[in-house]
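For reference, the structure discussed in these notes is given below.
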Amino acid sequence: MKKLINVPENYVNEMLEGIYLAHPDYVTYTEGDLRCLVTSNKVEGKVGIATGGGSGHLPLFLGYVGKGMLDGCSVGDVFQSPSAEQMLHVTKSIDSGAGVLYIYGNYNGDIFNFDMAAEMADMEEDIHVESVVAGEDVASPKAAPGEKNTRRGVAGIFFVYKCAGAAAAAGKDLQEVKRIAEKAAANVRTMGVALTPCTVPRVGHPGFEIGEDEMEIGMGIHGESGIRRGKLETADEITSEMMEKILEDIPYCAGDEVAVLVNGLGATPLDEQYIVARKVNLILEEKGIKVHRYYVGEYVTSIEMAGLSISLLKMDEELKGYLDAPADTPFFKQGIV
Amino acid sequence: MNQQELIAMLGRISKIMVENRNYLIELDSVVGDSDLGLTMTDGFQAAYDAVSDGSEPDLGKLLYKAGKTMGNKVPSTMGTLMAAGLMRAGKTLKGKTELSGTDVTALFEAYEAGVADLGKAKLGDKTFLDGFHPGVQVLKAGVEAGESLEEVFEKAALAAWEGFEHTTTMIAVHGRAATRGEASRSLKDPGAAVAALIMKAFADK
Amino acid sequence: MKKLINVPENYVNEMLEGIYLAHPDYVTYTEGDLRCLVTSNKVEGKVGIATGGGSGHLPLFLGYVGKGMLDGCSVGDVFQSPSAEQMLHVTKSIDSGAGVLYIYGNYNGDIFNFDMAAEMADMEEDIHVESVVAGEDVASPKAAPGEKNTRRGVAGIFFVYKCAGAAAAAGKDLQEVKRIAEKAAANVRTMGVALTPCTVPRVGHPGFEIGEDEMEIGMGIHGESGIRRGKLETADEITSEMMEKILEDIPYCAGDEVAVLVNGLGATPLDEQYIVARKVNLILEEKGIKVHRYYVGEYVTSIEMAGLSISLLKMDEELKGYLDAPADTPFFKQGIV
Amino acid sequence: MNQQELIAMLGRISKIMVENRNYLIELDSVVGDSDLGLTMTDGFQAAYDAVSDGSEPDLGKLLYKAGKTMGNKVPSTMGTLMAAGLMRAGKTLKGKTELSGTDVTALFEAYEAGVADLGKAKLGDKTFLDGFHPGVQVLKAGVEAGESLEEVFEKAALAAWEGFEHTTTMIAVHGRAATRGEASRSLKDPGAAVAALIMKAFADK
């Protein structure tokens, strides 16, 4: 394990100490618990949006707390959910009477804790909480129609944050913000590829093994198995395979308008992400799908995993308006162009 | 079962998790993220520590507190489910300072219901419930038949263990294992092992 | 070599194609040459600022072309200078009569080409060009007083861009912008540490070897040898060693006010960068040095190298004003929303 | 030396770089970034290709064009220095369509001056100049003494090679190698090897 760290047990809290001193204008914490991060700029009367989940995915989750996006975030150990009580602390801090929306990834630990937190918020604090679960990894099995979503949440949650955050900032009420979040979540699809594993600091060895000439297409952001392992191919070939799976899923059709997120998993240089963005563009052009905006960079990582993911958000005018709205967080800034 | 016996029981659960730490890590490393051995030892230890001083005479409140502490300590899938089970058992037994055989049955049924309500898994989904439920059924039948708790726990533990072994016939539909689909069938479910161990802790009294 | 690329020969141009399609509001290119990148928002009458250098350091160099920072950038192959003629193309495009300032790193290839370009700009185009060379790696040998700077340029150039860019945006003339750039360059110091090598795509194998339990303190951003190779230590120990070398160099003293840049080299997760930022803060607090601003993230990378660097900019009120000014580029945004 | 001979000379430089590609990579991998074998083959090939059709009768313009092309093709340290050398030689010989022995000397002296002016290195700084300069000196002396160009190039190439070998007595003060300080002394300078190879290309006529 080759990491610039101190004792693994302090990994998350020392990281958080760094976050607070680097971004005092944006974030602080509540209840004396570093892991209960809340905005420094609470807007009274606004629907609060909270997220949370395991560490190891920076800038996800906490990096998107700021103007036009999220209001709070509870943080767990690496790849471990924070506790329901921590979520409750954040909920209490960010609520200003308009209720709170939870947006989080489709993982058991997170679901159970957010469900418990929502119940506690209702019972103990009379705070109205609604939840939207993001799960859009087309490499994980699709639920039958009407069944609950069985897909892993991956980088697409960024789009859900962005749209819901803009709706809340625009003064929409809880039900409306929830509707926007659900609409974004329903219209985003993601697929990833991993070239190397990552190592949870407290575990000390890589989460899986993979040959020096191998890749795994569709791997999840904690190393969950993907759809195919094989010899490493060219960026264009890999992008084509991933795009095919993504495009056929909703499906995305000629005439659709999308936003594209090419997301680095940690160790993959930006150069490679742009090389993939270029191929995504060629494929979309060929299909007659219009790209409204590109996002390229590290938005959701898996510690030091090499690889990347592609997410597509299908948009109507409503989502486009929210996606285009300004946002200002420690890790994501977008102006009015 | 009085307060001291209940606390001792929690202590034994904590101990049996320590003894099976590596076994649980191993099981979870095949289908999940290898943390189960850590979360169960840390979690039940914290639950036990929170109530071991005996300052809480209300056994319902005692179990609730143990559960809440465990949830804070290890908010993983199983950590949270076990917390939910303990807290529900606590809610059910609130006000009791001594547990009859029927109360013990109620404790286990409430524990199962707490897990089931939060996890929304059905029997056969290859989860904790597939180990726990058969044990609880045997426990309930035995207590209703007037058998001694010792005898009953012995049988319940066996049933739970069989339930755990039987998970190799099921396809996982929840959590990390679910991503494997059919390939998950031949594997033993780590959460069900925890269920069998909890039952065993009571039997090993 | 485990990379998401097509043929290595197309690495840079395909990356650039991705850049242009993702950031059309910010950048375009001149003379039909993808490697001659210029702002899409030329400001008439303003001093133009150009940079350039080898690829493989994204977001450096081109990522800082935008409002409040740079106006153009020529891009070479990975770790290779662009040509003098490409620099000239950029110079011609961004000049609007107020002259052009070149800011670039202290590397032979870049120096020779920028010198040739400056001569051609003067002789062939009557454009007045001034140059500021950034070299602040305290791991490389310090020149004797009065001698020309012998130090490698590393991440500290970010501060030079930021201050000079703000001065140009404020309407200062070429000599004044140059003075600010020189002042920033003279007051910044950097030191890095590398844990793994990186692979130039066309070379195909890592630039150096390093043991599974080793680190190299002071390594340059192309893998130039540092000051010490040894067993990997804790983040706190490594940070202390680097900070000691940095602090004694100007030196930075109690009462000084600084900006801090903790910069990831590519594969090192943000978490680790924040863990280091935390220790930097502890050390500076102890020394009575005040931190005006933190920057943490990937600002100057070495392809997929693991490791990071720490840069300190010592500031007076003038530099502080320029550092705090807003900027809006594809990769760096400050105070724009 | 007429146009065809000058072009052939450039072709031979290109060829000798190809033949020594791996040697240059090896030398540069010890002190630098391993690219010298690539830049010198690509660069001199481009220089040659730019003028090989013989459409440019002015030998000064021919050399200038070869240099400018090389600079665009390989803007590395040595690529740019070699471009500067060729361009300066071109400026010096502008208007000539045939080169006398003295012109050839002037070509080499201008080449050296072009490199020296851009690179600002002194003799003994462990650079290209430390291979090139001894060769140019011998060339000049030989031509002045009225020896044949063939003889002269033979001796100049030897002198350049010795100069190259002699770089192991010097400490690098420019470029990547300079970061090694005293440790750079025992290493052969890759740029000086290029100087020796250029001279050798002329001798191998």
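By written order: A, B, C and D. Residues from 1 in each chain.
In this text, a contact is a pair of C-beta atoms (placed from the backbone, for glycine too) under 8 Å apart; a residue touches a chain by one contact, two chains touch by 3 or more.
Since the structure is predicted, the reported quantities are computational estimates derived from the model, not experimental observations.
Asks: If you walk touching chains, what's the least steps from chain A to chain D?
Replies: 2
Asks: Select the chain at the greatest separation from chain A, using centres from the mean of Cα atoms.
Replies: The chain farthest from chain A, judged by C-alpha centres, is D.
Asks: Could you work out how far the Cα centre of chain A sits from that of chain C, in whole Å?
Replies: Those two chain centres are 29 Å apart.
Asks: Taking the mean of the CA coordinates per chain, how far is chain C from chain D in Å?
Replies: Comparing mean C-alpha positions, chain D is 32 Å from chain C.
Asks: Mind checking the centre-to-centre distance between chain B and chain D? Centres are C-alpha means, answer in whole Å.
Replies: That gives a centre separation of 80 Å.
Asks: If you average the CA atoms of chain B and of chain C, how far apart do the two points sit, in angstrom?
Replies: Distance between chain centres, rounded to whole Å: 56 Å.
Asks: Do you know which chain C residues sit against two or more other chains?
Replies: Touching at least two other chains: none.
Asks: Of all the residues in chain B, which ones touch at least 2 other chains?
Replies: Not one residue in chain B touches at least two other chains.
Asks: Could you classify the connectivity of these chains, where an edge means two chains touch, as line, ring, star, complete or other?
Replies: Topology of touching chains reads as a line.
Asks: Provide the full list of chain pairs in touch.
Replies: Result for touching pairs of chains: A-B, A-C, C-D.
Asks: Which of the residues in chain C end up touching chain D in this complex?
Replies: Spelled out, the residues of chain C in touch with chain D are 76, 79-86, 108-109, 112-113, 115-116, 140-141, 150, 152, 200, 202-203, 207, 220, 222-225.
Asks: For the complex, which residues does chain A have touching chain C?
Replies: 2-7, 11-12, 14-19, 21-23, 55-56, 58-59, 67-68, 193, 195-196, 212-213, 232, 234-236, 238, 266-278, 281, 291, 294-296, 298, 301, 303-304, 306-308, 326-328, 333-335, 337
Asks: Which part of chain B faces chain A closely enough to touch in the complex?
Replies: Checking each residue of chain B against chain A gives 33-35, 68, 71-73, 75-77, 79-81, 83-84, 118-119, 173-176, 178-181.
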